[in-house]
Amino acid sequence: MAEWTMQEALNAALADCLADDDRTLILGEDVGRNGGVFRVTAGLQERFGEQRVFDTPLAEAGILGTAVGLCMHGFRPIAEMQFDGFTFPAFNQLAAHVSKLRTRSGGALNLPLTLRVPSYGAIRSPEHHSESIETFCAHLPSIKVVSPSTPSEAYALLRAAVADPDPVVFLEPKSRYWSREERVAGDDLVGAGARQSGADADAERGDGYASRIVRSGSDVTLIAWGACVQRCVQAAAFAAEDGVEVEVLDLRWLKPLDVDGLVASVARTRRAVVVHEAPVTLGLGAEVAALLGERLFGTLAAPVGRVGAPDMPYPVAALEDEYLPSPDRILLAIQRTFDAVAA
Amino acid sequence: MSTIESPPVTATSELLSLYAQMRRTRALNDEAIALQRQGALTGFPPCTGQEAAQVGSAAALDPAVDFAFPTYRELGAMLTLGITPLALMAPHRGLSFGGAFDAREAHVAPINAVVGGTALHAVGWAMGAKLDGEEACALTYFGDGASSQGEVHEAMNFAAIFELPVVFLCQSNGWAISTPTERQVGGGSVAARAAGYGLPGEQVDGNDVLAVRDATARAVHRARCGGGATVIEAFTYRLGPHSTSDDPSRYRDRAEEEAWESRDPIDRAREQLRGSLDDAEDHFARIEHEITLELDAVRAGLGLLQAPTMREQMELAYARMPAATRAANAAWLQDGIDG
Amino acid sequence: MAEWTMQEALNAALADCLADDDRTLILGEDVGRNGGVFRVTAGLQERFGEQRVFDTPLAEAGILGTAVGLCMHGFRPIAEMQFDGFTFPAFNQLAAHVSKLRTRSGGALNLPLTLRVPSYGAIRSPEHHSESIETFCAHLPSIKVVSPSTPSEAYALLRAAVADPDPVVFLEPKSRYWSREERVAGDDLVGAGARQSGADADAERGDGYASRIVRSGSDVTLIAWGACVQRCVQAAAFAAEDGVEVEVLDLRWLKPLDVDGLVASVARTRRAVVVHEAPVTLGLGAEVAALLGERLFGTLAAPVGRVGAPDMPYPVAALEDEYLPSPDRILLAIQRTFDAVAA
Amino acid sequence: MSTIESPPVTATSELLSLYAQMRRTRALNDEAIALQRQGALTGFPPCTGQEAAQVGSAAALDPAVDFAFPTYRELGAMLTLGITPLALMAPHRGLSFGGAFDAREAHVAPINAVVGGTALHAVGWAMGAKLDGEEACALTYFGDGASSQGEVHEAMNFAAIFELPVVFLCQSNGWAISTPTERQVGGGSVAARAAGYGLPGEQVDGNDVLAVRDATARAVHRARCGGGATVIEAFTYRLGPHSTSDDPSRYRDRAEEEAWESRDPIDRAREQLRGSLDDAEDHFARIEHEITLELDAVRAGLGLLQAPTMREQMELAYARMPAATRAANAAWLQDGIDG
């Protein structure tokens, strides 16, 4: 196929993982015969059998705890949480075990598990189905967190997550599952996340936990990941009409943060705005802003802007367009980075 | 304060009212499915086939004293407990989370989608009732799938240890989305778990509205009288999809569905009534007429349901909103206007 | 008593809460006959009976979920998690219910519950007994978070937390339980948290969610809470010997943040360092730094310093002195705020 | 790959070796308490009184094929499984979390303090063993208190649904810190919970080392042969405090403790051996002598145990540490030197 959707790309990545390494397994609620409520695991049980791809009882701690035990037996499990909001029942496993077991065991036990989580909002869901959990995961030690923004990125980053010897939380932007895109040639993709064969050679960092420049610009850097990257690209297009050249940086890895990549971009533009769906208070934007403030004090022409949610639960569907970071809000935040000196 | 209800009489008049409630449920359920297809609702989890389990159990409660904790699928139970159809449509129109009603007044907890969690709220409420010396009970609904959650275990154990007036009502409807009950419930029975906590557990034909009504009434009676908690497992079947975005043909056989369609709980009650009432058809006609009127009102009212403003939704977050939060919210709203 | 320890102050606060309002209850593991593993509830079951102060089975989700249900029946429960690290099994109740139920119910259901959590490290504990959970709580909407630093503060803030109509997570600095201090006269204490009758009138904010200035200084502001306040006070004393006048700001409330108090102090000093035990990445210091960067851009003479932990699980006891924010590390961070312009 | 062990013979020689292991456990346990009082250990959770439950169950495992998941109190089990005394003292000296041994090689999971959680790891390990076609089982230790955790329920249900080789071994030792078992375990028996999952559950006198050994061996045998999981409830008593910082006189009667002291599992085995061995006292003397030597070595070795450096501890966090993390760590370490 010349084009693919993110759902197809993720499905292909999982299929290739299962085909390449017979120690990989997929487990979760409705991932087998049903192929996942978002069809990301569609056809995999049929192809790889019930031993490799299987449904569990409806218990998230059970799923993640079982995945930990599977690692102890030398497997490489890929577990699915059905929705972001249902990661919380598994949080004790994440915080008390996934984050600690390697250290607890003095390095004897590795946890090469991947936790896939359909994430974020914007699909008119009921309560609990639109959460941004990146802060809860990224504040935990020993856990890596990644979130793709396009189909080909999703393929490459999921392969990298599964190949990683450490636990990786993989946050899938559910509102982008059906986004379609020209497929990057297969060979360029495998391991692109880890090898960083992405679009921009200049963003290349040695170990692969690198961000990527989606669009270059000299005036201000928009920083986002997952579903918000597209929002930033839109805002950048609007800004360009007004003659403002916006660089859009897709973080990809939320933990570790690509400090060098962030600093390199913002050192050029001297202005930055972070955009996410999570509440502003202690959203990942706080970390990015604090970090840029530390590294680029004196270089920054304006405070790092943060576009995110107020201190309230994700609202009812009727309000989500207003709640989510709109291009208008992003443009306003960009505008502020130019007004700042006057203030 | 309630007087203790004695176990129920299964009079025909009672069956008739349960039947009417089931029909009303089915009609509103089908209307909601249709409305979703038309784009008037964002999604809907049908309860088709589970009307007897829901209406029968809810009818055994007295919402003046007891408190019910529904999941997302309890349309029939909530209607029976006096929540209005429009209040129950609001969530599926994306206007409300828990339903557009006052949970404190109604003695019905808001609709909740994290399976399992509200079993513990029922335990806490029941503890409060016991501490206050009330003759009242909490009833928590949950599915065969939800029975796998750790919180349900903790709830049963707490209820046992504190001897609390809780009814754990499991609708074992064959499926948790695509996972069949036998791949979900180790040992095959949620009621059988009760013994492990020293609690009575009872299995009941969930498609027999009177049987559900009676089993629940017994458990409610026991709870209100200080006899502690009961686990009831009502065997029924989710005839429809998990929700309007689910396609059951991916994971289950049409034959199984057909077998259960032939055991439709509403058909069964109708046949019983035909056997015991001379003027059954007149009653049915009256019921259908009332339902028609109600559905007309629902359709008319749906468009009038208001979305909250963002400012209103923000206010819900705190009973006492801090000044700093209020200021940040105001700035955020202002940005929405400026942006 | 003219002096009291924090353990005594907390015990007194709980006793007064129970005496003043018969809808208050205490529940948790070993809080009854045993009086809590830190003796904070000692004697309360004896005095108030088993209906008001009682032990639960060993299940944290059970404890918090039961507390939620008790609120629905009009009670005002005070629940204890035995240690910070055992809050995680209750995290689903916290994130999916405590944080959401008021909104879910359209405002019909209030949750006036207090969740007491002996917190932070420094007492040579085994794994899981030294966690800093403030980020996980403060990022959640609809939840307030507070952490006292002295006995009298602990009394007043616990009274305020219990009186609050919203859920409050109360983080007790376990290494300070046995710290002794002159007792502030009883009448000055009741509700001091909410009324803000603390040391500094100038820090007074209308609604009581206010920080307090522990020590005034004109050169740099140290920002901390809980156990780290004492560390900052020590560092400030050392700095004074070198002629650097350090202001120490005890945040008290971690959510809501006392933005005005923070900004007022740092606007004067133009330099700030945040100190906490949690990992730096997305620790509360990130939010404070981001906030100050936004509000005081152009005023700040140096980037906001952050003293916190590296990206690793809280270490074994033998390493905790090295791991925790030492006065030396704090002084180094202060030093950097003076070097910054050169850099 | 293991050969399936048949149920055990209760030969005197076997009892003697179990006795020796129990004595060794008690002696090291008492030494640890003394070392803690002297300040050489930061804290210690004694297993006094539980030696039969621990040694008996661990002796039924073959650590070459099976895998054990201990809590913080499993000194006796871990010694029996071949972990060295010094490896087990390291955590209580604040030098290690899980113990200074290689969990992968030893087939013993690191010591863990979050009660309940490792039951699920046992389930996952057992699933791995089954997928790999091994004749092996996972045994998870937990207490009466831990049985209240939701994760234990989820583990039992998963084990039942996937028919996994897991032995759930509950040491019901009367107390969870200050909470007595009857205020903890609704219904009074953890073994009784098994039936609710369709699993066999067995109660055993936890102070009878051979009885524990036999019950566990049967469960291990069943598990290895594909017969699935078992829940064993070994009734015993925590004769000591919860940990060296606990004072049981606050919450329990001396009389209860005395009653259980008279049922000391080691005394019981000693009496049995005296009845069946002519040269029992010679054996006892040899055992005590060996223990004395071992304790001397422990005391000597304790001071030689090294604390990790912060850099070493940091390295444990990741199998592949990102460059950015490594750089941040280096800067943090440098600050410690500069600061």
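In this document, chain identifiers A, B, C and D correspond to the written order of the chains, with residue numbering beginning at 1 in each.
Just so we're on the same page, a residue touches a chain if its C-beta (ideal position, glycine included) is under 8 Å from a C-beta of that chain, and two chains touch if they have at least 3 such contacts.
The shown structure was predicted, so the numbers you read here are calculated from the model rather than taken from an experiment.
Any chain touching chain A that also touches chain D appears here: B, C. Comparing the chain pairs A-B and B-C, the larger number of C-beta pairs in contact belongs to B-C.
Inter-chain centre distance (chain B to chain D, centres taken as mean C-alpha positions): 44 Å. Averaged Cα coordinates give chain C a centre that lies 36 Å from the centre of chain D.
Spacing of chain B relative to chain C, judged by their CA centroids, is 40 angstrom.
Looking at chain C, residues 57, 59, 61-62, 85, 88-89, 92, 96, 100, 103-104, 127-128, 141-142, 256-257, 311-313 sit in touch with two or more other chains. For chain B, the set of residues that touch two or more other chains comprises 96-98, 112, 114, 148-151, 154, 157-158, 161, 183-186, 313, 316-317, 325, 328.
Interface residues of chain A, counted against chain B in their complex, comprise 29-30, 32-35, 37, 55, 57-59, 61-62, 85-86, 88-89, 124-129, 280, 310-313, 315-319, 322-323, 326, 328-329, 331-332. Put simply, chain B touches chain D in their complex at residues 148-154, 156-161, 183-189, 192-199. Within the complex, the chain A residues that touch chain D are 25, 51, 56-57, 59, 61-62, 64-75, 77, 92-93, 96-97, 100-110, 112, 141-142, 144, 164-166, 205-207, 209, 256-260.
Remark: chain B residues 67, 96-98, 100, 102-105, 109-112, 114, 117-129, 131-132, 138, 150-151, 154-155, 157-158, 161, 313, 315-320, 322-325, 327-328 touch chain C in the complex. On the side of chain A, the complex with chain C involves touching residues 85, 88-89, 91-92, 94-96, 99-100, 103-104, 127-128, 135-136, 138-139, 141-142, 255-257, 278-279, 281-287, 289-290, 293-294, 297-298, 300, 302-306, 311-313, 340-341, 343.
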